[in-house]
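Order of writing sets the chain letters: A, B and C. Residues in each chain are counted from 1.
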């Protein structure tokens, strides 16, 4: 029986990225739908759960993606709501790679730091999907999280989203541009740039040899990179007293996590892979083999 | 050479149900198109018939689906019109599962009754795709068919559609709600509820121990079920002197018929599977193995 | 690792023809997108190039199609622009079969004629995708090309497109209908009808036994055929002193070329298959096996 992945994408054109990774992660066929809104979900899910017997339903799974993480969360909720035991299929949420990228960045940073409870974490330009998920994962791990944004209101909205979904301790501060980075970064112990591709937001003087700062990470892979002096392939190298992670080092782990999650979806029919459960998958992948 | 199924769906999003069954029925790849209207069909069919040689065309087939059976019939007609010998591919019409569900319900009822010529058949809430196809199959088998509907005009339209497509003897009566069921059902020898999910239309007193009534069947699988006292798994059990078929017993046969039809599409390149020919497939599936 | 073909189609419904040939040419999965415009391309291509490592990228490829060759050229340009070494995938342009059909027709005609440098080539009704590509291939081979069109301005636009893309010597003349064909054809040494299906444009008296005329070819497979007296299966037969090629003879080679091109896409990750490079593939296919 073939492994079928239903791709529900909130964007008009269903993500090619997610389709390719679905195939490489073990889906035999991908049924791709773009422009999906909440009212569409019920019938599409019923097409999954009423076509195969309960013991075969682990061979059908659902992947929710698209550019908008808020819509993605709605679609995931609608999908799980349309199922009932034993007619369930496993589902995964990864709008624009937000969960897998955030999980990979946070996992690298936590591995370099150890316990992050009470640690001050700065998420630079943290109002997008990756920033919000990363802030949430740190908040859930009891870190003291601060999100920066160019405009104060965007930061506050992001903070509210994180608190509502993950709880914990999260603040928001405005950091209009790279010139303000020194002040914004001065108390951080962990620093993650979640800003847009091709924009340098953290100049070297804001992080190099900064007392207290243990680790910096950047998800921007397009030059100019987000953290001046951190290269895309940096994978735990210590520079100026700080452990550095670049976008490709994080991206490589992200791809492994994404593919492993697709494979997991087809192992049982009741998995819901969202930020925390995807983080569990990353931890297992990174655990030393005994 | 791979078996390719072209899914032409009149609804915006091509049915996931039909895609999954297509894979499970033996299609190697499904090419899904939603929002299809009549003018689209010709070019899509030409893409099927002009890409492989006549002797290989049995490896390409067309499935017409969608919520609207009237549009489905138009698409099927347009599809067969766009072909010419020897450049033909097999086609199947099953808008919203109407043909396969109706065939499964009728086949169960006929098996329990024997010859239905001249028998009085009542199709409760028979104005939808399943009701119309079931009424047509009974009319074609020379039964004396009566369709009920909440409103008289909907029933008359359904009756006209059945007569135009299948011929035979068909009447329509209004049955506004379950309270009217006793009177509506009083002369029926076979009774099929084709009404919507989650609506009880035939209370127990309308059918239990009714002289002359031989068999009742219900396609509503969502509680409250359509015929009070008939359970979803009832598969020919006699209750109150009447042979009963529930929605899952019918649904199981429907799935077998649907999959078998998909498999048949790829055995030759000139099959047209619509109500009557799908009924033939069901009869073969139900025939005792010699 | 599966061979994935991204089908970018400028028409609303991605071509079924191209999907079937993609499967038959060796793609394991086809990711089909319709209604694609230039701004969509970058993200879709990034989904191809950022999901697999450079050494695996030969297993992903892009096919650009659709009814409009001008849009197809824009999409191809946008696709190659979105790539950078070593993150490239092979791409092919064949809007409405224009390249493969033109290549097949021209290859047959050249094989029958030998060197076409300086030869007078007439492309009847040459303003569509096939005519423009065929004119371009002849112009590139240094023939003296003339395009006919019903209306003068359409011919001039086509001539300009050919000159801009291929260079060479190209003229345009008006040929309002079949009655004008005798005069239009009188100096031609090679004649190709690229006109619409079901329209006879070149009566027999315009070509039969015409001194100087060496070869005629027709891509219209639907009666009435485009060149009176040339049958669809004619494959180099001499009639009235002229070597004749019919639409199915050309179509058979076109299918072979199309499939071979799909297969080539997956041999390396930096191929761009457009008119000239597709012509190279045809030449290899037609070369005598040593």
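Simple rule for what comes next: contacts are C-beta pairs under 8 Å (C-beta built on N, C-alpha and C of every residue); 3 or more make two chains touch, one makes a residue touch a chain.
Computed from a predicted structure; not experimentally measured.
Asker: How much rotation, in degrees rounded to the nearest 5, is required to superimpose chain A onto chain C on the basis of Cα coordinates?
Answerer: It works out to 120 degrees.
Asker: For copies chain A and chain B, work out whether under half or over half of the interface numbers are shared, and give different or same accordingly.
Answerer: Different residues, largely: of all residue numbers at this interface, under half are found in both copies.
Asker: From the mean C-alpha coordinate of chain A to that of chain B, what's the distance rounded to whole Å?
Answerer: 45
Asker: Where in chain C do residues touch two or more other chains at once?
Answerer: Residues 29 of chain C touch two or more partner chains.
Asker: Which part of chain A faces chain C closely enough to touch in the complex?
Answerer: Going through chain A, the ones touching chain C are 13, 15-21, 23-24, 29-30, 32, 255.
Asker: If we count contacts the way the header does, which residues on chain B are in touch with chain C in the complex?
Answerer: The contact residues of chain B facing chain C are 1-2, 4, 6, 29, 31, 33, 36, 40, 43-48, 50-52, 60.
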